[in-house]
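Both complexes below contain subunit A, partnered by subunit B and then by subunit C.
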Partner chain A sequence: MSNRIKSLLRYGIPVVIAAVLYFTAQIVDRSQANDFTGLFLLMTLAMAWNLVGGFGGQFSLGHSIFVGVGSYATAVILTTLGWPLIPTMLVAAVMSALIGLLLAYPLLRLRGPYLAVGSLGMAVASYGWMINWNFTKASQAYAVPPAGQISLQETYQFATILLLVAVVSIIALVRSPLGLRLVALRDNEAGAASIGVKRVRTLLPVWALSGLLTGAMGAVYALQSGSLTVDATFNIQFSLDAAIVCVIGGLGTLSGPIIGSFIVYYLRKYSADFQNYALLIEAVFLVVVVRFFPSGIVGLVSKGYKAIVSRRADSSSK
Partner chain B sequence: MKKKLLVAAAIVAASGLALSGCSASGGAGDDIVIGTSVPLTGPLGTMGTPVSMGYQAAVDEINAAGGVEYGGAKHKIKLIIQDNASDPAKAAAQAKSLVLDSKAVALLGPVTPPLSIPEATVADQLKVPFLTSITPIRAFGGANPNWNYAWDVFFDELQMTQTQFQASDLINTNKKVVLFTDTEEDGVVMGKLWEANAPKFGYTIVARETFAVDNANFSSQVADAKAKGADIVIAQVIPPEAIGILKEMKAQGYDPKAIFMEKGGNTGNFVKITGGLGLGVMAANWFAEGMGLAREKEFIDTYASKIGGINSDLGILVCGYSITYVLADAIKAAGGTDPAKLSAAIGATNGDYAIGHIQFTEGHSAPLKVIQTQWDSNNNQVMVLNLEGKAATPIVTPEAGLK
Partner chain C sequence: MEFVNNAVSGLLLGGLYAVAALGLSIVFGTMKLVNLAHGQLLILGAYLTSMLIGLFGGGDPLLVGVAAAVLLAVLVYPLQRYIITPVMAQGEEPPMTVTFGISVVITTLLIIFFTSSPLTSWTADYATKEWEVFGVRIRVIYLIATVVALIFILALMWILKRTAFGRQVRAASIDAEAAGLVGIDVKKTYARVMSMSAFVAAIAGVLIALSFSVAPTTGTGWLLRAFTVVVIGGLGSLPGTLFGGFIVGLVEAAGAAWVGPQYRDVIVFGVLVVILLVRPNGLFAKVAKA
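After this line comes the complex of A and B, so read on.
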């Protein structure tokens, strides 16, 4: 298969799938639309986090800030400036990207667990700021105005488009020279530096893209929720969810966050009936994956596939 | 053997036909699914439990009487209760799931604005009738002046924020007041009203201590209040904050003549859970012995022992019970569960219920009048200011629990 066809398939398949999902919005019922919106938002969040945490090896616990900024910016702009919905969401996403740049600059001086703790500190500080900030109604609920109260099917369409944008942009970034430098930095920082890879210059745009996608996810989350609270949107759980999904699916892989999101979303949905045991079920599942399949479901499938191929090769050579 | 099987099948088929015939000729209709996401755990768990008891009590009574009648048949109510753990995001998600997945035709609300408003927003988004209580009406209306499907039955903060000054008029104080308000809807709305009302009653607000919801450290706020020498403390806080403030007041030796703990003090067993510090604390109430409500004695006799006394929990239970009947009456009046007709029928409510007269006004809310009560050593809240704003049982001062 030529490189051109491979490239066409790489981008064409997600576009076709997204187009099918987009146009099925009119035939799915409200319950399914709401379900798929939640799933696609989790996928987008995990993919955006995976850029930094998986491909970049930067274990961030600060991604809840991007969700919060994206969602609140959407609600505040719609309320105070009365802009149309799509420009509002784009601006909200860009604001998150700028916040991503601002956060990355000091955070990139930290490594490993120090970066995780530093980003967690920033998430806690942002939460503390927002819960006291009267401009965004502090700890009161901030209602999304009527302009943002669209149907569940329309929200599902926004989530579909966003997921497509996330998939395509991340594929493009990972396969670009920037993506190669990113992975080189993660795997061997000293080696990468010796061939001229600059740490900050490489990581800044990656944090910005991650912030942009997560902020856009926050914007769609605002439309889905209808009203916002600091507790709900600046919740550290978003960062933890993203990390859990990537670990289960496969950290630093393209399909890992998608597979992991699917598993985690439906595991939570169907284990919710077990009340207090739901968290325990998820925790046991996570421990089993980490203990027995440290490279996640994608790693497991990949190993299985390689084993089958090599067995076939062995038997044909005999 | 085959013959026996055929006979059994015939009996089963005949029974089925007979039952379906009953249904078609005015017997039992389909169940009406009503959902509620309430805080059974978390900081507001003490309020969510009695409201869900009220919902269940009303539903049990309605079902025992055959159900809600419309379309020539009686329909039993199937009430689905979920615990949102006092988490607004979970409350909204559960409200959505109750409508979309469990096919609830109407929602009964949780308690307090931080939970009621997100659920009301979901109800408006999904165009499903939503009826709540224990959510002061200005906070409810302030979140959205144009609710379509959401309705609220509770007190008006304007009347409620006068009762603290009316009660304080009944004792000797230096007329200096310190406010403790958190930053959620009630704290913001009531804080402003107390500031506006104080001069009208001849009181001075010497300090207003504000803090985020669920704050745990009140040392600086209490020190400031003590330094200002206020004889009156008025707080609008959630129960854990109320306990924290009282503990800090005890630690710093600050014993004002009157303490009003709104919302925080509206918790069953308040004296016990504060380790006795809550003895003598006052709080506005919408149900108490001596108010003159028609079914007052019946509810006290039936539920006071189950709920731990004559206190706000009983009032919360009666509110839940009453709005369930409002909803059932509206379903009957609307002739079914069509969302628009049902919402309109709720809005047209004008009748007497266990909690008092309910009639909706502008802003989709029905105001209830409140009184002031004081916690006594029997774990009851005793009425000290009646519905006319006059003295009832004498106020015990200074606050006994802090001595």
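After this line comes the complex of A and C, so read on.
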């Protein structure tokens, strides 16, 4: 297959799938739309985190900040400036990307566990700031104004577009020279540096893109929830969810976050009736996956596939 | 006078923070493992103690706490040996994820068995007592915690520096592969270190439960505090942990007095971030080889 067809397929398939999903908004009912929105938002969050945490090897625990900034910026701009919805969400995402640059610049001095702890510190400090900031009504709920009160089906369409943007931009990034530099830095920093890969110059745009996508996810999340609280948006759980999804699916892979989101989202949905046991099941599942399937479900599947292929090759050569 | 009062109570609160952070510090210092379940180990220690007090029909929390600490150390050993250590070969992220999974398991089990309301069944007369020394109010429980922190740090340093086990731990932490080649069972050593950390954590948990309200979900808050203490002191440095505790306690007291208690978290974690930026490996990074 020629390269042109390959790259056409690479970007064409997600576009076609997204187009189909977009038009299913006409036939799904409210609760289905809400469900899929949740699933797609989790996917977007996990893919955006995976850029930094998986491909970049930087275990960020600060991504809740981006969700919070994206969602609050949307609500605040709609309320105070009265902009139309789509420009508002774009600006909210860009603000989150700028915050990403602002956080990443100092964070990039840290490595390994220090980065995890440093980003966690930033997340907790921003939570502490927001819960006291009267401009965003501190700990009280901040309602999304009528301009942002759209139907669940429309929210679902937004989530679909967002997911498409995330998938396409991440495929493009990972295949670009920047993406190669990113992975090279993760796998061997000294080696990458010796052939001229600049750490900060490589990582800053990646953090910005991750912040942009996560911020946009926060903006759609604001539309879905209709009313924001600091507890729901600046919650560290978002960073942890993203990390869990990626680890279960497969860290640093394109399909890992998508598969992991399916598993985690439906595991949560169907075990919700068991209340406390639901969390227990999820946590035990997480531990089992990390302990016995180190490269996640994607790694397991590709291993199984390779085993089948090599067995077939063996038997045909006999 | 108010200033001295705040400073002293902040300093002694820092002693409690130091005990709470010690376990985290030794685990990181020897295994380079960020144990996200540490907060839950603290809380589990408190719950085990309350269970044992119920079983014995009474007893001083701190004394019963020693029994609970032994129990917790035994419980944690197989966790490290058969779940965490095998995962540590995969890099930095997987063990963090596993310990996070374990922390959620502990929290949910505690909620299932003890409900999510705070632990109330036991206390001691020294828990709320205050002494007045030259006009300065001192909470006795904080003083006990600070003394316990000192004892533990000296004991741990003695174990690490002077005993055969300590030499094995240090060898394994410098170069696990070489340690294995000269006949040290690194996997068992790691598990013992985790048991040691759990023992300290359980005692710290009792001290925490005596001075604050404790519920299954409060572990995360303590994990964050412990992290701050350990990072400020330099991850893995035992004396650094004590100083880290004092600094966090003082910063909290100062922040609460000057800016307002509701900004406590912003200030503490703001200081953490600033310190990390200025000294990316913590303030006492040079002595991190304890």
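By our rule, the second predicted complex is superposed on the first by the 318 of 318 C-alpha atoms of A that agree within 3 Å, B and C clash if a C-alpha of one lies under 4 Å from a C-alpha of the other, contacts with A are read in each partner's own complex, and residues count from 1 in each chain.
Just so it is clear, contacts are C-beta pairs under 8 Å (C-beta built on N, C-alpha and C of every residue); 3 or more make two chains touch, one makes a residue touch a chain.
All values derive from a computational prediction rather than experimental measurement.
Q: Do subunit B and subunit C fit side by side on subunit A in the superposed arrangement, or is it a clash?
A: fit
Q: Output check: A:L279 vs subunit B and subunit C. Expected answer is one of first, second, both, neither. What do you get?
A: Second partner only, subunit C.
Q: Is A:P294 in contact with subunit B, with subunit C, with both, or with neither (first, second, both, neither)?
A: Second partner only, subunit C.
Q: Quick check on the superposed pair: does A:L81 touch subunit B, subunit C, both, or neither? Answer first, second, both or neither.
A: neither
Q: Per the overlay, which chain contacts more subunit A residues, subunit B or subunit C?
A: Comparing touch counts on subunit A for subunit B and subunit C gives C.
Q: So in the superposed three-chain picture, is A:N132 touching just subunit B, just subunit C, both, or none of them (first/second/both/neither)?
A: both
Q: Look at A:I308 in the shared chain and tell me whether it touches subunit B only, subunit C only, both, or neither; answer first, second, both or neither.
A: It touches nothing on subunit B or subunit C.
Q: Considering only touches as defined above, state whether A:Q149 meets subunit B (first), subunit C (second), both or neither.
A: first
Q: Specify the angle subtended at the CA centre of subunit A by the CA centres of subunit B and subunit C, expressed in degrees to the nearest 10.
A: For this superposition the angle at subunit A equals 70 degrees.
Q: Is A:L240 touching anything from subunit B or subunit C once the two structures are fitted on A? First, second, both or neither.
A: So A:L240 only meets subunit C here.
Q: Between subunit B and subunit C, report the minimum C-alpha distance in the superposition, expressed in whole angstrom.
A: Minimum C-alpha separation, subunit B to subunit C: 5 Å.
Q: Report, in rising order, the residues of subunit A that make contact with subunit B in one complex and with subunit C in the other.
A: In subunit A, positions 128, 131-132 sit in both the subunit B and subunit C interfaces.
Q: For subunit A, which residues count as touching subunit C in their complex?
A: That would be residues 53, 57, 59, 106, 109-114, 116-118, 120-122, 124-125, 127-129, 131-132, 240, 243-244, 247, 251, 276-277, 279-280, 282-284, 286-287, 290-291, 294 of subunit A.
Q: In the complex, go through subunit A and note every residue touching subunit B.
A: Residues in contact with subunit B: 30-31, 34, 128, 131-132, 134, 138-141, 143-144, 149, 152, 225-227, 229, 231-232, 235, 275.
Q: Spell out the part of subunit B that touches subunit A in their complex, as residue ranges.
A: Spelled out, the residues of subunit B in touch with subunit A are 83, 87-89, 92, 96, 100-101, 113-114, 117-118, 121-122, 124-126, 143-144, 182-185, 188, 212-213.
Q: Hey, which residues of subunit C end up touching subunit A in the complex?
A: Within the complex, subunit C touches subunit A at residues 28, 32, 34, 83, 86-87, 90, 92-94, 96-98, 100-102, 104-105, 107-109, 111-112, 224, 227-228, 231, 235, 262-266, 269-270, 272-273, 276-277, 280-281.
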